[in-house]
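In this document, chain identifiers A, B and C correspond to the written order of the chains, with residue numbering beginning at 1 in each.
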Amino acid sequence: MQWEVVIGLEIHVQLATKTKIFSGSSTAYGADANTQADVVDLGMPGVLPVFNKEALQMAVKFGLAIDAEIHHKSVFDRKNYFYPDSPKGYQTTQLYYPTVGMGHIEIELEDGSTKRINVTRAHLEEDAGKSVHEGFGSSSGIDLNRAGTPLIEIVSEPELRSAKEAAAYFRKMHSIVTYLGICDGDLSQGSMRCDCNVSLRPKGQEEFGTRAEIKNVNSFRNVERAIDAEIERQMDILEDGGTIVQETRLYDADKNETRSMRSKEEENDYRYFPCPDLLPVLIDEDYIEAVRQTLPELPDAKRQRYISEQGLSAIDAGVLSANRSLADYFETVAETINDYKLAANWVQGDVSAALNRLEVSIEELAVSAEQLAYILKLIKDNTLNNGGAKEVFNALLEGKGDDTVACIDTLVDKLGLKQVSDTGAIEAIVDEVLANNTKLVESYLATPEDKRAKAIGPFIGQVRKAAKGVNPQVVMEVLKKKLSEL
Amino acid sequence: MALDPKQVHDIAELVRLQIEDDQVQEYQENLSNILEMVNQLTSFETDNIEPLANPIEIAQRLRADEVTAVNKRDHFQSIAPQTEQGYYLVPRVVE
Amino acid sequence: MSNITIAEISKNLASGKYSSVEITQDFLQRIKQNDKAINSFITVTEEQALAQAKAADEQRQNGNASVLTGVPIAHKDNYCTDGVLTSCGSKMLSNFVAPYNATVVEKFNEAGTVSLGKLNMDEFAMGSSSESSFYGAVSNPWDTNRVAGGSSGGSAAAVAANLIPGATASDTGGSIRQPAAFCGLTGIKPTYGRVSRWGIVAYASSLDQAGVITHTAEDAALMLNVMSGFDEKDSTSMQLEVPDFTADLNNGLAGLTIGLPKEYFSADLDPAMQQAVSDAVKEYEKLGAKVKEISLPHSHLVIPSYYLISAAECSANMSRMDGVRFGYRCDNPTDIHDLYVRSRSEGLGSEVKRRIMIGAYALSAGYYDAYYKKAQQARRLIKNDFVNAFKEVDIIAGPVTPTTAFNKNEKNHDPVAMALGDVFTVALNLAGLPGMSINCGQINNLPVGLQLIGNYFEEARLLNAAHQFQQVTDWHLKSPAGL
């Protein structure tokens, strides 16, 4: 039996607002339990919600980025269920009238082709608190710091056909939301969580099979692994002639399998109705246009531009455009020195290596984009050669400079890296080297002409020993000239 | 519109209430009477009538994204049934 | 004795006839003496009240007193009062010391009033008799075998018995107007959105509104001046100028058109009630008003629509009463399910449970369209009836209740009968309109109320009409024997 895999993802994205969706509490990560939960977040009697302006803007921004319909009227509904991390006994969400309607994104498949995946809708809702089940003996501890954090829930059409496609979709969404600056994308902190709906159907059948939902998968890798594990599980059952139970499951990364969750929502009757404490959210075309003006260039467009306008390779373009902060850094450098290729080499090379080695983010790197641009300018105007540039770069990383561009000049002087380019000066150095290395000269002259290019090497070495910062092109020219005169 | 005992129990469970056996009949009767009274609503034509959710019919006002709350955990937890190390405690939940 | 008004107390404090501490002590004494028979207070905050009174007297000495500085009042027990028990008449919150103040409470504190305590009420404001309180029923000072009305029975009884000159209250389906009528007082429910709901424990969010119960329209205007206004913490609060509600009290009524809905004066209306209301309307004609018959054709949908919407909203609003973060928690819960079920079942009374269950049923799978959506559509029709009526008239008048105060235990086992008593009042909550009840007569020595309904945000016009009536009649001056 040939099976077709059908996957739909529901991604919960925590919006990077300063405060919660309905209260003025901070959303900063890592605070002590319940120190960022005010009366509204605690669901105290008598409290009322007021909607965060920034959360709306971020949702609309997202909708525009995925080319979606933005609804002029959206309504918050109450989804009623009991669970200790849900203090009001209902979650405020948007069922009937979400802010964002049908949209789409493109994902890159392994063979290099792209596939369009449609997004059914994206709606605003509030996050629940956290439950801690260890450390309190026979109790669970409830922390409501997270309760009320704004989320958008992005629902895909069931158009994904493999675990790899699902992972690519998740990655792409991650790239988009971090690009837009609406989410910090920190999966380890739970900024994005993914629920995976997986089902199988005989190839050719139109009707969907029964699906299982794997909840709260929190890394790209785990999305792929969890779905693969679930496909295997379902395939085993179906091939044995069994049936799939519609249920929610959790992925166990250690055992690489999914297991059934003791469902917290056994009765699925959520009794949705419009929240009477909130009024319909009404936005007009002017508002949407104003948000559109704040959209940055998105990853796909940026990648295309790097390739077609700047001549970067597809791979380089892909890496440099994947992360907004890196792209911003790269572009600042590239635009300042007006040389995308040189900037690409350095950002892909020395900068990326430094980020990995020092385990810092691009924002934390001790060499700012302006500073790197200055260093590269010094290469371009022959003040520094490559080696010298790397030395300055590393010196900055080691904290030997400060955050100014001016300190680079100081370092160049201090480290004696200024490259000599003056032909006269170099001629003098070369003359000396040739005079002091008669054996080498003899050996060179004895080498057949067609093999002489290689034989220049030792002379370059000697020149470098004599004067550290020398312009290699000029050295080469002078050496060739002088040697040919011998 | 009579409710049977099972329906009474099902609704009660949805809202986490327990109706004692000796009270089920009273709830059945009361609820059924109320539902009968409410059924008058089904008797009028509602095509093209926009439901009225909120009497003042204005748009939702937006709040600036600025932190205004301060940490008052001790104050709030002084009235809690059970807390430990700043967490609210409930019987251990198994997921 | 005659009724003590806020206006009178304010005048006397200003002239130095007595101090706030003195008048506060007087009222505290009256409460000690007379409240046992009435049971209008759940909590009396004697120490705090005297401290507030002292501070008010100091403010006056510094020349910083305003009209309500030093005036004793009390708040209905569903208004959160920081540091003071806020029980909502329920076992569920019988240990809930509110950790913050309702906006209205803050405003009154800033205005310098002295709060004597928290007033008894139907549990979670669900009821029309104040018999469902965990703290026992409130008795009507006019006849202690009878109910004071509900859900703001404590507010009404305390004012009627002159234990305080004015009280805050809340109205979701008539809970200010009906007790005011049963107790011979003036009650006002402002337009939805006029007063902040922040800190008032929600029963039905789109119907609840905060208001007051006093002896006179002038007192109501003085209190409304303080409590009204936009609150950024309440999304349903209107950004509207608050006029001085006392400014128009003395306007003449010549040319005012009063509408009488024919549906309110059907053959079913008790003849004595009909007579009392007619007599009151005649006073208005003497004052120069014109009376006209109008129709509110969807009046028959009002009770089912109200009941359903309030039950649905209440069922969700009550879910937070779960024993986890505050309030009553059952002993030794075995698991989380047990904690929820037993805390709620033991903590909540049967009327509350009934409404939660009806609400859940109305919203449950398959019934949303048939019940909730239909009720909201009926609501639209009911609102339109009023919008149309106000094109022809300035004010609508009619009875507040079908009967005078009924006996205790007469209706509380029959929820439908209890609900039907709300027939004249609930329409205003559905439409969001302002309404008043003023004492206009007596039947068998029990007070009768006249309801005045105004157009959106026209509380000043209502207060003017009520005040003018009180200039030419003396029903508002009457008080129960011995009180």
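In this text, contacts are C-beta pairs under 8 Å (C-beta built on N, C-alpha and C of every residue); 3 or more make two chains touch, one makes a residue touch a chain.
Note that the structure is a prediction, hence the values are computed from the model and not measured.
Student: Which chain lies at the heart of the structure, taking centres as C-alpha averages?
Tutor: When every chain is reduced to its C-alpha mean, the one closest to the whole-protein mean is B.
Student: Measuring between Cα centroids, what's the chain most distant from chain B?
Tutor: A
Student: For which pair of chains is the number of C-beta contacts greatest?
Tutor: B-C
Student: Measure off the straight-line distance from the CA centroid of chain B to the CA centroid of chain C, and report it in whole Å.
Tutor: The separation of the two C-alpha centroids amounts to 23 Å.
Student: Mind checking the centre-to-centre distance between chain A and chain B? Centres are C-alpha means, answer in whole Å.
Tutor: Here chain A and chain B have centroids separated by 41 Å.
Student: Determine the centre-to-centre distance between chain A and chain C, using the mean Cα coordinates as centres, and give it in whole Å.
Tutor: 56
Student: Provide the list of chain A residues touching at least two other chains, using ranges where the numbers run on.
Tutor: 39, 42, 44, 50-51, 82, 84, 140, 142, 269, 271, 276, 278-279
Student: Tell me, which residues of chain C touch at least two other chains?
Tutor: Each of 96, 99, 206, 232, 235-236, 315, 318-319, 322, 324-326, 336, 340, 360, 364 in chain C touches at least two other chains.
Student: Of all residues in chain B, which are in touch with two or more distinct other chains?
Tutor: Residues 14, 16, 53-54, 56, 58, 60-61, 63, 72, 76, 82, 88, 90-93.
Student: Can you list the chain A residues touching chain C in their complex?
Tutor: My answer: residues 39, 42-51, 78, 80, 82, 84, 87-90, 140, 142, 269, 271-273, 276-279.
Student: Show which residues of chain B lie in contact with chain A when the two form their complex.
Tutor: 13-14, 16, 53-54, 56, 58-69, 71-73, 76-77, 82, 84-95
Student: Contact residues on chain C for chain B in the complex?
Tutor: Touching chain B from chain C are residues 95-97, 99, 192-193, 206, 232, 235-236, 238-239, 300-301, 303-305, 307-308, 315, 318-319, 322-327, 329, 333-342, 344-345, 348, 350, 353-354, 356-358, 360-362, 364, 370-371, 373-381, 383, 415-416, 419, 430-433.
Student: Can you check the complex and tell me which residues of chain A touch chain B?
Tutor: These residues of chain A touch chain B: 17-19, 23-26, 32-39, 42, 44, 50-56, 82, 84, 131-133, 136-144, 250, 261-262, 264, 267, 269, 271, 274, 276, 278-282.
Student: For chain C, which residues count as touching chain A in their complex?
Tutor: Residue positions touching the partner: 78, 80, 86, 88, 93, 96, 98-100, 102, 197-202, 204-206, 232-236, 312-313, 315-316, 318-322, 324-326, 336, 340, 360, 363-365, 368, 372.
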